[in-house]
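Each chain gets a letter, A, B and C, in the order it is written, and its residues are counted from 1.
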Amino acid sequence: MSYDTIVVGGGLVGAAIARGLCKLGEKVLVLDEGDVAFRASRGNFGLVWVQSKGDGMPEYARWSRHSADVWPEFSQDLLEETGIDTAYHKAGGAHLCLSEEAWERQSALIKRMHNVHGAAEYGAVMIERKELDTMLPGLGPDVVGASWSPHDGHASPLYLLRALHDSIARSGGEYRAEARVEGIAKEGSGYRVTTRAGSFSGAKVVLAAGLGNRSLGPLVGLEVPVFPQKGQILVTERTEMKFSMPTLFVRQTDEGSFLLGDSHEDAGFDLTSRPGIMADIATRAIRSFPFLKNLRLIRSWAALRVMSPDGFPIYQQSESHPGVFSVNCHSGVTLAGAHARTLAPMIARGRLEEPMSAFSRKRLHVQAH
Amino acid sequence: MKACDLAIIGAGPAGMAAATEAANAGLSVIVLDEQPAPGGQIYRAIETVPEERRKILGPDYAHGAGIAQAFRNCGATYIPEATVWNINPDLSIDYSRHGGSAQVSAKHLLIATGAVERPTPLPGWTLPGVTTAGALQILLKAHGGVGDDVVLVGSGPLLYLLAQQMIAAGKPPKAIVETIDRERYIKAARHLPRALAGFGYLRKGLSMMRQIRQAGVPRFSGAHDIRIEGVHRAEAVVFSVGGKAHRIETTSVALHQGVVPNQQATRLLGCDHAWNESQRCFVPKLDVFLESSIENVFVAGDGAGIAGAKSAAMRGRLAALRVAQKLGHSNGADIRALQADLKRDEAVRPFLEALYAPSRDILQPADETIVCRCEEVTAGAIRRAVDLGAPGPNQVKSFLRSGMGPCQGRMCGLAVSAIIAERRKEEPEAIGYYRLRPPLKPLLLSELAQLEPEATRSEPL
Amino acid sequence: MFKRIKATETPRVSFSFEGQPIEASTGDTVASALMLSGQTHFRNTPISQSERGPFCMMGVCFECLVEIDGIPNRQACMIPVREGMVVRRQKGAIGVETE
């Protein structure tokens, strides 16, 4: 039994690519770890976010925007195929500024981003408090204003993941959990992937194992310099629906819960929830929307973001192992559309095309070691 | 922040006995408990119960009064109405009390949070009027209330104890619908010789059965395909026995399939757990002194594996003595004797566990039965998620939101793991359980915001 | 129907549920007082709006949620009754005041 492509990793990145490959008629196998693993997908905040992505890397800015552009149709396709609604709302998104200093800094960023996007009609603007009040109810006195982009939105990472897996299954793709990859070796013109659950042959291999790519890459001639960055997120009890528009740190889900996020901690592989950090998140959320103080926290979680040294994604193909790719990013929701619809066809054709060359880790050669 | 040698979570028999033992040994002890008065669920309202009600509840219940009194007098710091919402790896404990959050820090921690009722998913179990058997017992113990048409459904000693207490209160149950079949008696009989060491328990059991018979309470054995009918509330229990259909009208159905350790705190801390096939539940892995896989974290009472109130108090004392020994406050002389007493007291357990093993009806509910009550997730949806590849309860939770509601999986966790295990044809041990994170109980964001924050971003907002 | 073994064991407390007066005993929780006055329907779920009432009576199931003195989603089985409390059913998801 041989597959066209073996995708290593069943999170949002791997599943989106696998789904794209399945739709192109490929025979796909997704290999995944067990029930408890460092799953960044389960810890995603759920933004489809463009406005601040790619400061310093125009290709990433445009890639994020491209993904946001294809998201509506991508989400609709998933709904029609699987009956699962990803809860995507392209309602625009606001980055609240809680001080004059933050407003100045954000204004400067938005100005830079206009140049980054160039002719692509960036669309983000700074919105002063008075106008912001007509867009978002319940703002706190500290809120000076916000940057806002019509391309931003949000979706449920959990429903998205389920829809992707459902679509993969419906398209004849195979999924194996408890199949942590232990080896990858050349076999004829393809590869043999050895796992805890047996070994499998495929013409192509996509490494989409998040932090796991760091150790898998060298097996196939790829260097993947990624490291963990902890993020904690809080969830409140369900409330009546009031907000369709997300902000960078507070959004209301389709269930009615508010999601409050998220911290950025360099804590290695530690997943402990720290009350001091939870307090910081709660404080910031209450400053943004004081009514939140009367809501109860019912869940929280900590997850590990997959970060690169410059914070931008890494996409690469192996020179020594043709047909082997690695994919790493920390925006598995935002980029799901691009991964399924644009990246997957390149992988099916066997090579990364423009604009992907900019995302090789070679851009990092100075910092990497 | 208050500091102590030993922090105890839970003021039931294990927590009270441990506090008394530790304080007597000279340790500084803080006891946190969610209820306004000591006793836990087994000795609920033990300090205030009127004489008449105490008689109804029987001598085993009344025994708790002495434990509570010793606890009150032992010198431990007792903090009632304290809801623990987080335990940190350094054994500091965050708790909420009267609308504010506070912290205690401890050198050693004893988790004495007892048991919860096993999830009992069956059709209609979410209807108002359907409760656990424990709920009706609490209503009787703490509030002197009893129903006049209660139907007890399931399996386990608590059903008969509750029936006996209701008879004593003058309101016998309308019927007892038992899920135990003949095969169980045969299986359990193998354990009888060992159980004879716990003859006191067997004698009490036989006496309860006799009283129930004398009161003329109808009993149905080997019931299956049980469902509760009703539109806005429970109206009837419907079931089959040996191919014959039965329907009993009632406004109050009390379900019971035994109790299981409350795993919330030990799971939050990341203690290792093992599947206990005889008790059909996860139990924290403990050494012979009740210390868990995490150093200085002990577990006593039913949270350490179901063994009843008497064992709970002994286990509490054992853990306290061990902590005292570690701190040089005790030579540990009594430890061996306590371990022997515990072994004797637990001799009856394998017999009870074999006889009252949970019914297949609730371990493998029909597809349309709700399993996660909070998020209204059915058994069928869980099976479909497994078919989609979900290897365990945490991926099922991500896919379906089961266990994400305010009860934090307390009411569905074991049922979800059992359904996944059956579907994947694996043992529950391999399937595992929900991963738990703070808060253990819902907490107002305003309370959380009062804590000392740790900055997590380099730039001010 | 649930009844007290003895009619008046302790001093009385009165409060209201859905605007109806309820007589309770001191030492009652909101849940026990309501159960002993014949109430079974405490809340509607935020998902299907289905009716629910107390299930565990020990603070673990969150089925007995009610609104007490304007504060939503409170566990009726964990809260002692107080004179003059205003208790209402918890009807689905809670409201938020953004004004």
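Points to keep in mind about this one:
By our rule, contacts are C-beta pairs under 8 Å (C-beta built on N, C-alpha and C of every residue); 3 or more make two chains touch, one makes a residue touch a chain.
Computed from a predicted structure; not experimentally measured.
A count of C-beta contacts for the chain pairs A-B and A-C puts A-B on top. Nearest to the global CA centroid, when each chain is reduced to the mean of its CA atoms, is chain B. Each chain gets a centre from the mean of its Cα atoms; for subunit B and subunit C, those two points are 23 Å apart. Centroids built from CA atoms put subunit B at 40 Å from subunit A. Centre-to-centre, using mean CA coordinates, subunit A is 43 Å away from subunit C. Residues of subunit C in contact with at least two other chains: 73.
In subunit A, 237, 255, 294-296 are the positions where the chain touches two or more neighbouring chains simultaneously. Along subunit B, residues 405-406, 442 each make contact with two or more other chains. Remark: subunit B residues 34, 36, 41, 45, 48, 50, 52-53, 56, 116-117, 126-132, 134-136, 138-140, 142-149, 169-171, 232-233, 251-252, 262, 373-376, 405-407, 410-411, 441-442 touch subunit C in the complex. On subunit C, the positions that touch subunit B within their shared complex are 1-6, 9, 25, 27-29, 32, 35-36, 40-42, 45, 47-48, 50-63, 65, 73, 78, 80.
Contact residues on subunit A toward subunit C in their complex (touch as defined above): 137-138, 237-240, 242, 255-256, 289, 291, 294-296. Residues 46, 71, 73, 93-99 of subunit C are the ones that touch subunit A when the two sit in their complex.
Contact residues on subunit B toward subunit A in their complex (touch as defined above): 86, 88-89, 94, 385, 388-395, 398-401, 404-406, 408, 431-432, 435, 437-439, 442-446, 448-457, 459-461.
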